[in-house]
Amino acid sequence: GTKEESSIEGSEKQETTNEANTEEPVAKENKDEIKIALHTDIVSLDPQGHNDTTSETVSFLLFNRLFKLNTDFEAVPDLVEEYSQPSDKEWVLKIKEGVKFHDGVEMTSEDVKFSLERSKKSPTVQHVLAEIEKVEIVDKYTVKVTTKMPFAPFIYTLVHAGSSILPKHYVESEDKWNNPIGSGQYKFVEWISGDKIVLERNEDYYDKDNMGMSKKIVFRVIPEDTSRTIALETGEVDIVDTLSGLDAPRVKENPDLDLYEKPSTTIAYAGMNVEKPPFDNVLVRRAMNYAVDKEAIIEVALNGAGVEAKSVTAEALLGYKANDEYTYDPEKAKELLKEAGYDGDLEIEIWASGDIRKKTAEVIQANLMEIGVTASIEMFEWGAYLEATNSGKQGMFVLGWTSNPDPDATLTPQFSKESIGAQNRSRYVSDKVEQLLLDGRAELNTERRKEIYNELHETVMNDGPWVPLYVSNKVLGANSKLQGVELSPQGLWNLHKLHYK
Amino acid sequence: MDSAYIQNIEEIKKKYKKRSQTREVWRRLKKNKMAILGIIILSIFILTAIFADYIADYKTEAIRMNARERLQEPSKEHWFGTDDLGRDIFARIVHGTRISLFVGTISVGIALSIGGTLGAISGYYGGKFDNIIMRTLDIILAVPSILLAITIVSSLGANIVNVMIAVGISNIPGFARVVRAAVLGVKDQEYIEAARAIGAKNHVIILKHVLPNCLAPIIVYSTLKVATAIMAAAGLSFIGLGVKPPTPEWGSMLSGGRAFIRDKMYIVLFPGLAIIATILSLNLLGDGLRDALDPRLK
Amino acid sequence: MIKYIFNRLLMLIPVVIGVTFLVFFIVSLTPGDTAAMIIGEGATQEAIKELRTEMGLDDPVIVQYGRYMKDLLTGNMGDSYSNGKAVSSEIASRFPNTFKLTILSILVSIIISIPIGVVSATKQYSIFDSLGMVLALIGISMPSFWLGLILIIIFALNLGWFPSGGADSFKSVILPAVTLGVASTASITRTTRSSMLEVIRQDYIRTAKAKGVSNKKVIRKHALKNALIPAITVIGLEFGVMLGGAILTETVFSWPGIGRLMVESIQRKDTPMVLGCIITFSVCFSIVNLVIDILYAYIDPRIKANYE
Amino acid sequence: MNNKILEIDDLVIEFRTDDGVVKAVNNINLSLDRGKTIGIVGETGAGKTTMALSILNLIPKPPGKIIQGSINLDGIDILKKTERELEKIRGRIVSMIFQDPMTALNPVITVGEQIAEVISIHQRIGSKKAMKKAEEMLEMVGIPRERISEYPHQFSGGMKQRVIIAIALACSPRLLIADEPTTALDVTIQAQVLKLMKELKEKLKMSMIMITHDLGIVAQVCDEVAIMYAGKIIEKGNLRDVFENPKHPYTEGLFNSIPNIDNRKVMLKPIRGLMPDPCNLPKGCSFCDRCDYALEKCANEKPKKISFSHTHFVECHLYEVEKDYKLKYIYNRE
Amino acid sequence: MEAKNLKKYFKTPKGMLHAVDGVNFKLRKGTTLGLVGESGCGKSTTGRVLLRLLEATDGEVIYEGKNILHLNSNEMRALRKEMQIIFQDPYASLNPRMTVSQIIEEPIKLNKLIKNKEERFIKVLELMELVGLSERLINTYPHELDGGRRQRIGIARALSLNTKFIVCDEPVSALDVSIQAQILNLMKELQKKLDLTYIFITHDLSVVNHFSDEIAVMYLGKIIEKAPSEELFSHPIHPYTNALLSAIPKLTIKQDNEQIILKGEIVSPINPKPICRFANRCIYAKKICKEKEPALEKVCENHYVACHLFKE
């Protein structure tokens, strides 16, 4: 079976397949238990102690935040009953009354203040709420947040797992996150590291319209791609969080399974160190943008599960503007190189780490060979890679970035002067971009913000510190009888809706 | 001695000295059909390694990406099919022979020479020596090879030699144990005492009298470890410590193709077969050599 | 004997000290900034710096080592850098899996390889011999993910006899154990064969035959025990390889063992966790080696005499 | 019932090695009456052990090969039996004391078990009873019972040899083959062991083949003597025949080589030269190169068997020419 | 050569095993001392200790005026050229992976006596000829040979250096009488020619009688009787010597069974009590034998015995 973007379409098909396969062994004994295969274990149960999507998948079920994203990637209130903005830098947030943590204790503004302040101090997620100056309690359910300056993405920062509202009394207890307590649709049962995480439905969830639909959710960690697909095929799991592009056709053809695919916010790029020859020359960088065959990379590295990247963020982000100028054109690339003074005598290094990036680098290497550039690939172990690409010695390197919904969180770290030596690995500096970034953060009007970022995209692409390669698709498979599968650009979404009929 | 006898010496020499040690071993090896099979297979690989460039062009066939010819089944054009970058697997195996044979044998060589020496010393001298060496090796054994490799490569740089060193070092304790066990069985023999009686120094005794009599387990273990070494090196190339892509190398081809195992078996099958054939030939040769080196089995 | 065992167990102390020392320095030599790894994407330089100071990573290695050893002496292996969990509890939760898998794999391996080795030796140069060798070599040349996936496809997907992964029931350990066991058969088979070949030429085998002992019994009772010493050495080594080297198998079968934990921790530069894993391994190795040495003595009374 | 316990008929055994074919046993005929002991004497490499092993059908194959001949042991044609059937014969009807005590015992099994094993196999009794019996056997060869659970390495060479003797005697075989059973023993213990064997022989009506270099032992325990040279029996007779009237020049040479215990000044008179290469035996008499009496035809013609009495025969050309030929006979007994 | 109060103890789980326990003897150049005794009484150990193949527990070995037990390893190695041993078990003492010529050549090569390859080869051939090994055997391995030839390789090896002193540990036990006679004759000849000194260990009393000038009888680590050969055979004093001599199988056909068969428990060599070690097997044993250890005392010219009874 096939499902494109959401389950709505697939549910029609459901009926036909349903009948045909009534005696299939896929049928679950316990329909009230949903098994989800994760491709990697969660890092931590503390939402302020992790910063990765897999951990978020779990912590979103355990905890609530003040706002949440809907499937269109817009922030909508969750715990917040109502909010207002008395001034540019001030936000007054009132949470719903009667929200109870799993141990029955009611959530109050104490917890909100505590959580936001704790988030600011957590090494792992401190960057998320870094703009907050202070949090003050107004009454039992109301807090006032003051930002350091006018800060447009504020609401978006509150949807991050790092902004989860935690029960103060629990966090200050001695439990060390062995039995975390939250307010979410599901309660924690156990986490066997490397193996599984078990959650059960919170029957007292505050939002009766959004209750968890199945009684139990079990996350199983299955790191190997093929094994994960097989587990889905054997019915050992009901849904997998990622599917290798290679296995997509198999799932598609399997009448018992449905395939879901949606572009993600993860962009892959080949960065170039603009401080280091030959990439200090904008012509060379542009030449690279013409030289790389992105389609081939998508084919080889992703087995087709992605789309060409035409600018420095995913399309889903605010202010995205595609650059249509750069196409795969080796001739043009050669010309530019000649113009830059290189005539078939250029040697560069491409750095990479990991299998997919290795394949990507191999394709780029082959592409560059076509235009007479000799590239040698240097592989790194991940930890070493992160350090090395910050050292300033890097030439071209292959990396990726998974965006949060607000463009600021993506663009500022990557292109601001300040983050040279950190996330700005191509060491790109441009006064214009610097200004645009500042403007973008401060501008509260979405339309105007969009324009600012449009301009930023244009400028950066023109200067070409990156060759944007592709935006990968989120691909996942699920049992076709499973209902309520939703996909956001960041992956599995609204897991509490999963259920069998 | 009477002079007639002495005059005969030249003649005697001609008659008997011809059978030098190596010739003798070779003569006996020749009789072992399996060993000959091993030698033939191994020679094919070695010749392949030497003449790789004449068999398949490196630039155009082994390393050049060809997006249009991705993942093709074996055919007349591509005997072993093509990989996910559209490169000819046959050409990659041919060119990979060089590196894989090299990595496998050299890293086993490193482990054997160092581990063997330590094992021999610790077995021969025993007592405190033994305890110190073996416990130190216990420590090395506990350090995972990946960590060792990361360290070596990050302090010495990522190149093939350092990979061999890394794989070699992590195999030292194993070889030491095997050699030590064998030495323990030999060192109390009377001919060792006899050697001491004629004034041989300890190192001479170890080299000339102890080790030659411990060959069987050492040969068996070494020939097998070549396979593990090839694959260990591949494991390292996976975390970026092995050969630089796109250099073809069997182990990496094998592990790089793991995702294709369900649909495109041939991608992993052929490199796997190449490794098996190599190890098979080494083992056949090793068995033969062991028997040939043992005059008792004549 | 008891004194010998006690002495050897005492040797664990210097070994553990040596291991921690070595690993501490090795880890400090590897590139990658622990603090940066913990924080992940989106961190600022100051945050990283701050965290590093907070964790004491700026201190000289020797100071860090001293601190670690002080904790270790009180039985505290520290907390994981990456998720703050106590290393000891993490290892305690995973170790039984690793142990179960290793023991079962070694059993599988022994069950397969000793008979093949014996038959190959007694029927040297026969078709059995060649077949045994080829099988063993396929075992060692086949990466575990390969065999693992093939087993999963056949026995989990097509036949549905075993689960494809996880560690829920006894059934789930079978396939990984076979995968891991097969990889070790080669060394054990070949060694058994080789030492068996030596033993069956010994005079005491002839004596046994002259007594009228049946052929099977000669092999089982007289030859095997003598041939076992080299085989046991290799079994011990393979045991070590399995304990530490099961990473691929653990990955393919989603087996929550220490091997995977260790590799993940190495990649995250989670030093306390790495150390915890390695200390566990080194203690295991030392005990395995001790058991092997005791087995030597059990099998061969001449060696036993050396221990007393 | 046949009065012969053993009849070997025209036995030829070869070892096929890389360097050529070793003719270890060449056309041997031998028979032995029940209750009798035959001593087999001969140079090292004469094929004594090989012949003895063939009676148990234990020649290592390859390289060994029994080319022709038959061995009839107590009415059983040994060479035609399957391995299964042989298992029942070995240890019970015939058993053997092996030449080298150092290597003939399994180092990892206690001596008690090694003795008990043969008992439990052939007498089908429980292992406890077998162990009891083993203890008795051990005591019989002069080793204290308590040492039953020790391992061979804890025994001295002589003790090991006695254990092997105990194993061989445990099931009271009808034929005992003793291959140099006392080489590792000093004379006092040797005397003890020989006495034991003699007693057993009488008690159990056991027949025995005693292979030895020590003519003194032969004189003590044997009824008949066969002299072997280069895979052949060149002279055979009862004790008196051979000791008092040796016919073959080699036999004479053997006697001459023994140091005279009473007169130490006499220079020993060994047989000159060395045994012929067993891969390349001479066409005629194998001894001819070393023989002081050699005739012309010795080099080219194989000697025939010549009988002097129904017990005594020799294979030598000398007596074909002149039946009463007298050897110079230097040997001087007392 | 002289041994003074030589002792060698082995550590065993049950206690100290007194393998050699205070052995004294003097040996003139060019003569032979025969060493006989029960198996396990320490004959081989004595031989090994003399050559420092085993380190003595106590005592002195004086060779040409020097106590060699105090030499360091280099000095000792130099001395090894002169002192050699022929091992009890010829097969075990030959490296199974070396050919006959390699084995004989090795000492020459190691001690750098002859540097030239050709000459060395000639020397090897000479030695082989000397001990009666045919040149055909140059490339054969020990396992291909019979006991007699193996034994001769051992002898050739011992002679390959400028040997002056040889410990012969049962050099003829594996041989048939004819070859035994050849070897013994050879050794005697060599002794005359090269003025060699031998210590000759054996079980075979007729051989030792024939071969030695003087015989020492050992029992449980001690010399209990020592005399010139003829003297010992004609007037044995110690009861053990008597038993030994009586047990020699005679070449006569009808035995008059006058052998003395020893009875009684053999005393363990582990931590022996200071009493006569033969006492509990001795048919003449008196009370004093079980109380006091007898010392080696002179009976007449060159004849020594350790027994409480001889004076009576």
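Going in written order, the chains are labelled A, B, C, D and E, and every chain counts its residues from 1.
Here, contacts are C-beta pairs under 8 Å (C-beta built on N, C-alpha and C of every residue); 3 or more make two chains touch, one makes a residue touch a chain.
Source: prediction; values computed, not measured.
Colleague: According to the touch definition, list the chains common to the neighbour sets of chain C and chain E.
Modeller: B, D
Colleague: On the document's contact criterion, could you list the chains that touch chain B and likewise touch chain D?
Modeller: Common neighbours, chain B/chain D: C, E.
Colleague: Looking at chain pairs A-B and A-C, which one is connected by more C-beta pairs in contact?
Modeller: A-C is joined by more C-beta pairs in contact.
Colleague: Could you pull out the chain whose C-alpha mean position is farthest off from that of chain E?
Modeller: Farthest by centroid: A.
Colleague: Could you give the separation in Å between the centres of chain A and chain D, each centre being the mean of its C-alpha atoms?
Modeller: Roughly 90 Å separates the two chain centres.
Colleague: What is the distance, in whole Å, between the centres of chain B and chain E, each centre taken as the mean of its C-alpha atoms?
Modeller: One centre to the other, that is 48 Å.
Colleague: If you average the CA atoms of chain C and of chain D, how far apart do the two points sit, in angstrom?
Modeller: 54
Colleague: Any chance you could list the residues of chain B touching two or more other chains?
Modeller: Counting only residues that touch two or more other chains, chain B contributes 150, 154, 239, 258, 261-262, 298.
Colleague: Could you list the positions in chain A whose residues touch two or more of the other chains?
Modeller: 226, 381-382, 384
Colleague: Could you pull out the residues of chain C that touch at least 2 other chains?
Modeller: Each of 30-31, 145, 149, 153, 267, 305 in chain C touches at least two other chains.
Colleague: Enumerate the contact residues on chain B facing chain C in the complex.
Modeller: Against chain C, chain B makes touches at 34, 131, 134-136, 138-148, 150-151, 154-155, 174, 177-178, 181-182, 185, 216-217, 220-221, 224, 227-228, 231, 235, 239, 254-255, 258, 261-262, 268, 272, 275-276, 279-280, 283, 290.
Colleague: Which part of chain A faces chain B closely enough to touch in the complex?
Modeller: The contact residues of chain A facing chain B are 225-226, 244, 246, 250, 293, 295-296, 299-300, 303, 352-353, 355, 358-359, 361-363, 365-366, 369, 376-382, 384-385.
Colleague: Any idea which chain B residues touch chain E in the complex?
Modeller: These residues of chain B touch chain E: 1, 5-6, 9, 12-13, 16-17, 19, 24, 189-191, 193-201, 204, 208-209, 212-213, 293-296, 298.
Colleague: So in the complex, the part of chain D that touches chain C is made up of which residues?
Modeller: Listed in rising order, the residues of chain D that touch chain C are 53, 56, 58, 60, 83-84, 86-92, 95-96, 98, 100, 103-109, 117-118, 121-122, 151, 153-154, 164, 167.
Colleague: Would you mind writing out the residues of chain A in touch with chain C in their complex?
Modeller: Residues in contact with chain C: 25, 41, 43-44, 46, 49-52, 123-124, 126-128, 130, 176-177, 192-196, 220-224, 226-227, 230-231, 233-234, 236, 381-384, 386-388, 401-402, 409, 413, 419, 421-423.
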